[in-house]
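Chain IDs A, B, C, D, E, F, G and H follow the sequence of writing; residue 1 opens each chain.
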Amino acid sequence: MTSDIIMAGFGGQGILMIGNLLALAAMEEGKNVTYFPAYGVEMRGGTANCTVVISDEEIGSPVVGHPKSLLIMNGPSLERFLPLMAPGGDLIINSSLVDAAQVNRTDVRLLSVPADEIARNVIGSRQMASMVALGAYVARTAVVRLSTLNDCLPKVISKKYEKFIPLNVNALKEGAALAGIHA
Amino acid sequence: MTTETKTQFTRVVFERPRSLVDVKTHFCPGCHHGTIHRIVAECIDRYEVRENAIGVACVGCSVFLYDYIDVDVVEAPHGRAPAVATGVKRAQPDKFVFTYQGDGDLAAIGTSEVIHAANRGENLTVIFVNNTTYGMTGGQMAPTTMLGQKTSTSPYGRDFRADGYPIRMAELLAGLEGTAYSARVAVSTPAQIRKAKEAVRKAFEMQLHGMGFSVVEFLSTCPTNWGMTPLDAQKRVLGEMSAYFPLGVFKERKQADFA
Amino acid sequence: MARGGAVVATGRIEIDFERCKACGLCISACPKSCIESGERFNRQGYAAAVFARPDDCTGCAICGETCPDVCIRVWR
Amino acid sequence: MSATATEAARRLLTKGNEAICLGAIAAGCRHYYGYPITPQNDIPEYLSAQLPAIGGVFLQAESEVATINFLLGTAASGKRVMTSSSGPGISLMQEGLSYMAGSELPAVIVNISRSGPGLGGIAPSQGDYFQAVKGGGHGGYRLIVLAPHSVQEMYSLTMLAFDLADKYRTPVFLLGDAIIGQMKEPFVPTPYVSSVSQEKPWALTGCKGRERQNLKSLYLKDNAIEVHNWNLHAKYDRIRAEESRSEPFLLDGAKVAVIAFGTAARVCKTAIQWARKEGIAAGLLRPVTLFPFPEREVQEVARSSEKILVVEMNTGQMVEDVKICTPFHEKIEFYGKPCAMPTPEEILVRIRALAGRSA
Amino acid sequence: MSATATEAARRLLTKGNEAICLGAIAAGCRHYYGYPITPQNDIPEYLSAQLPAIGGVFLQAESEVATINFLLGTAASGKRVMTSSSGPGISLMQEGLSYMAGSELPAVIVNISRSGPGLGGIAPSQGDYFQAVKGGGHGGYRLIVLAPHSVQEMYSLTMLAFDLADKYRTPVFLLGDAIIGQMKEPFVPTPYVSSVSQEKPWALTGCKGRERQNLKSLYLKDNAIEVHNWNLHAKYDRIRAEESRSEPFLLDGAKVAVIAFGTAARVCKTAIQWARKEGIAAGLLRPVTLFPFPEREVQEVARSSEKILVVEMNTGQMVEDVKICTPFHEKIEFYGKPCAMPTPEEILVRIRALAGRSA
Amino acid sequence: MTTETKTQFTRVVFERPRSLVDVKTHFCPGCHHGTIHRIVAECIDRYEVRENAIGVACVGCSVFLYDYIDVDVVEAPHGRAPAVATGVKRAQPDKFVFTYQGDGDLAAIGTSEVIHAANRGENLTVIFVNNTTYGMTGGQMAPTTMLGQKTSTSPYGRDFRADGYPIRMAELLAGLEGTAYSARVAVSTPAQIRKAKEAVRKAFEMQLHGMGFSVVEFLSTCPTNWGMTPLDAQKRVLGEMSAYFPLGVFKERKQADFA
Amino acid sequence: MTSDIIMAGFGGQGILMIGNLLALAAMEEGKNVTYFPAYGVEMRGGTANCTVVISDEEIGSPVVGHPKSLLIMNGPSLERFLPLMAPGGDLIINSSLVDAAQVNRTDVRLLSVPADEIARNVIGSRQMASMVALGAYVARTAVVRLSTLNDCLPKVISKKYEKFIPLNVNALKEGAALAGIHA
Amino acid sequence: MARGGAVVATGRIEIDFERCKACGLCISACPKSCIESGERFNRQGYAAAVFARPDDCTGCAICGETCPDVCIRVWR
């Protein structure tokens, strides 16, 4: 079984961080995994994206032309990646910034998550929006266990910000809840 | 009331200069490259050299000069803009030739090219943007990086014992016979912006009068790699940067040697 | 129907909403504090600055000179 | 192969560029010099933080020309030393590399290659194969060239590079690309075990207790330079005989043999697995050393298979070395994707065609 | 061929290096930049005296790195421009050459090659074949490479080099060596006749009356750099198809075919004449263009002859291109003499052996 | 009488220094490279650093440094000696490291390397031999060539309009923070030779005390390429050369910055 | 017929000049010819040499391993080149500076020419020594006509030194005379 | 049998015949004009300088310091 996802949004939304977290969790669960971040000038102009591939077999390409899943945190990213998406995949959008109406494809499974609102209103920090979205994606696809993500948080969050770990756990939980499953 | 005001004031007192292409730039929010591009474009307009100019783009965040300034532009390898400009000027002495270079480009890998272009008194103009770091590649240490400044390759802060001292190019170049004009300016206040325009005008005039090599060093910001807000970045320019890199004119040739 | 503000205003600016990168430099530069950071995000993802107090604008063009992205046009 | 529990415990999710740093430090390298360039900046950034902490030296040079000459000086001092760069920076090192080859100085040079020619772009590419393998500098020297295709190899081949450099007194290239440099995947930091002596009696450490000695590439008297060239040639022949490495992948009974290195080989593996599932007898020969090129293995594959598909992320470079190895030119097909990563789908299509299947 | 009386009258006894200058001036080149290095100093010395006199520009650069970038600027201005150097200097030009290839800028680069690697020596050598032919810079570009073997060709191929550079918008290499550069022999300054248009609408001369334009090698958007690489590749294929040149010498019915270029080919001609006198059916194929390599001619020779002797003043470089052209690898023998000129005697010995004669 | 004098004077008051290898040099008659080699060897003896020293040879007429000075020597590519020396010194901070470079080597192709070695304050010593030409390659123009000087590549004499001005490296390098010592000397008179030795001693001491970068520029002769007798060549040094390239000490650090 | 010669001596003895003159003369007589001078650092240390090959056929190598003739103007050059010389060749030495006793080969045809003395005493200028030797070589081998050499003198002597042409003609003549033949 | 010269001489030099390149610098440097250019050519082809007037030598070593080829040794 091989799953892959492209995550994209503005810089500062923590895209690379959640991609990293997902990859770590997959490794912890003994799977093969690759994580590929956008790099260099691509980062200029304030956008960020990364690709995570998880598989039981040796992984060839860490880059995917037609992602099975998308996690989209802002409008421009939707425009850029939606056309590439494979039919039947899972599309998670941050409906706080992305207009669901712009999803002009019917052959994908859309999950709208008002990530910014939830982060701001429920979790209490807009920074948590991407965590919310990740929680939703993982709950929807079960590619890794939510608990593994929680366990890995300390590895991606520097000592300095340790105190925010509970917030992240919450964010993942709320996101998962939205996907209709409870961790 | 909007309509009211609309009709009320009709004389445009500030707008984009003709030579500045009307497109969105890739620069980060608050980056002074944008301001400096505009100043260069304004001076190109003022001296009506747009159709007669050839710009030389460097490798750095300003690599897309040809997308932003509405003149012919040739791309130079990293640091070699003054050499490429020399090749252009020697082939077309009647054209207006300028380079636009970052501090990594000019003060590190391009040291030899700029020094010898200046020493030869090549009749061209160098716009030098010093933001004390390698912006495009992600904020590594440059020869211009301040002592103690933390960058992605000086994580413990620049230490002169290991990395030496921030190099003052405007002064160094002013020391060469072939240099007709050398000045250091900044664009962190309206007053500085005015002064900066004067300096670029002087530099352009030097070339137009065949006086030789002219260079204007801009103290610029890199909020992204400095990890500062655009406002704090400007404060840094006004503070520690100007303290080590004094603003001013270091050389101004009054008449061509061969006049 | 002239308002108090309209009377004193001796200039006017326009901020290009899509071009603005919300760097805030114009906001702190304006001697009359006419400009504020906005709420709405443009397609670049920035909450563009807004010409909040037109009535105080003198048309001094300091904002325009300050904007690195040349988003501001000034009239008098 | 899915990892075993015990191994899993020791796995680290690491960026290819960082794995190089870990390999270098494990191999005892304490001197790194470099100049920033995308997509390899993680290396100087990581080492600028780590080396000082372990008594090593990190120094950013003013240019790649200076960089390679810093290396020359430190190598002449008998210390293990490394640099990393990409396309344009590597080109600027060519004169220095030629001097180091001529002076027989060991060092490791990493090229996390990007797109060219010129400034090109930062997209991944294998367009620097010729430069690395044929010697981009003057004088017809050869460098050992290693081509990692996984984060694990970014680590292990870096350690090997230092050993081979010392064993043969030659600069060694590690030729990666933007993909393998930027990606993260789990890898196991195996311990560094070396059989190579690090004794360097030729090193310049001051002539206390011995005659003065020098390290140079200039040979003016009579036919000294001719002799020197033949000596170097003999060394390269030794390297050809002893150091060629390659990985066979599902080659047994393969009718369609793919030959690819580095990142391209990763993708080919996926395509070949798919082809096998379709019942196509496809396999891969992956050169791990580009110089020495695995001539015997390529000859054997060319003999035993019906079709050869050479896949490169360029418009055709290694394919020339394949032709040099074997007279079976008519079996050889080339699929190139310059400055971009081919997809398994694209490669599968070619494999099918060569296997006589309609796509 | 002994010269006819009339021709004799027009013959000049000229140094190879000077013949290059005469060819360049005849072809309309008025811009030369360079940096001193043995054994090509006659070129800058001659042109520093001549160019100013005819309204041209001679400028000595501070280095070869600056030199190649002066060329880039003048080529971008649409003017014919030339430089000359040797080994180490050519290595320093690799980054600039890659940029010029990527920006498709025409220029002529002369390499009067010496011995390497490194400082090596000033003895003649053909050790820079790989660097010139495979592209010493990054990004897998190709340059047209011409290999003169007489003072006459130093003159005529220089003129051709300027035409090919403009025709294909590419830097062109003239690959000579110390012998052909330093020797004098009679040559006839034939007039320059060109079919190539020197119209350069792409040149940067200011945007008066047109949209601004630029010359660059950077392609960042989407797969623009991939497209650019394929466009360059298509150009190189055109060059392969249209520009390959070679000289057959006593090839008819040759059982032993020698393949050699430049100075080495001169010596081979003598050896072959001696062999013919001994009744050995020996002949020579002399590639005049090294890129494009005369593939068809080499294939034909490999097919029709019993043995192939590749002779180079290095330890074996062009011999690889011979093997790439033909599957008859078993026919191919190599005789190398790095950094020195082989004698006709030495070559005759090999020819005899291949012809089955006891020496 | 020969025997007589032989026995009469027995105290050697001048002879070849220990560190100067006892072989015939390839230098042309009257070339000052020989004198400068001797002075360097004398200072190596004086500070007893011979067994602890690593010299870096440049490419030029002094390329055979390793045949003449009895210390370990590494060959650097043309102009790169300061970079190679940096690599040696960073690997062996306890060793005594010096380069010996010509003016084409240091002031032309090696400009960037020497400037950044100085700016970093690399703790090494540069012996710089300025003979206003490229000696080894046959007397071409160098950045140090005097205005009007005819060379094989400036057959009409150097003209600043085309080729710029003779560059003063000792002054330029003195302007960099990292430079501890910079002086210009000559060896055309016994007095100058004494002064030159003092300068080299000071430079050596700077390194031995960890003060940073030190450089001594020698005004030297190239009778062969100047087309002069050795004597006239010396007169040229004493005359026009010293007039444009003033002798003296341009920087002398009194104590290490970090002392 | 192919003839070749290596000429060697101190710099300043005019070696390259006489080699050039010989090559020019050969060309004038419609022959194929190559002239190859020592170059670069080889010139340092005050020695000079050149090789001239003259033939009716296309000339391959302009460099010869075993010269048929040698023209030696000083001692060091004899040591360097005599061992290489082909048996039966013509060896012209400047006996003013070269000790004939040092010619340790019996398989070559030695011609001792006191070139410096003749130049100084007969011609009146030591500079003419090499011309004397060339005259002797040409007379001995008849590779070109002496008259052709005379005709070519203006091409190798700059206008500035025109007035010395008669001296050169004399020197060639005296040298030829020594070879026992009168031009 | 002391001669006039031998009395005043306070030093002595020796010139390495084979090493000397006849540059003449020592000749013009010697304050006592003790050195002259010679007649005999050495194996390098140079007419080596000769210590012509030993009686006037003061052993000041100026010649030694001057010789670029370090051919001169000086005694006192």
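One rule holds for everything that comes next: contacts are C-beta pairs under 8 Å (C-beta built on N, C-alpha and C of every residue); 3 or more make two chains touch, one makes a residue touch a chain.
As the structure is a computational prediction, the values presented were derived from the model and not from experiment.
In terms of the stated touch criterion, the partners common to chain C and chain E are B, listed by label.
The minimum number of touch steps linking chain C to chain D comes to 2. Among the remaining chains, the Cα-based centre furthest from that of chain D is the centre of H. For this pair, chain B with chain G, the centres built from the Cα atoms lie 63 Å apart. Centre-to-centre, using mean CA coordinates, chain D is 56 Å away from chain G. Contacts with at least two other chains are made by residues 38, 59, 62-63, 65, 88, 95, 99, 103, 118-119, 122, 216-218, 220 of chain D. In chain B, the residues touching two or more other chains are 27-29, 63, 75, 77, 108-109, 111-112, 116, 136-137, 143, 163.
The multi-chain contact residues of chain C, meaning those touching 2 or more other chains, are 44, 46.
Residues 10, 45-47, 74-76, 97 of chain G touch chain H in their complex. Interface of chain H with chain F (complex): residues 3, 6, 9-12, 18-19, 21-25, 28-29, 44, 46, 54, 59, 61-62, 64-70, 72-76. Listing the residues of chain D that touch chain F in their complex gives 31, 33, 57, 59, 61-63, 65-66, 69-79, 81, 95-96, 99, 103, 204-209, 212-218.
Note for the complex: chain F touches chain D at residues 50-54, 56-57, 63, 66, 70-77, 80, 83-92, 95-96, 112-113, 116. Listed in rising order, the residues of chain G touching chain E in the complex are 20, 23-24, 27-28, 30-37, 39-42, 56-63, 65.
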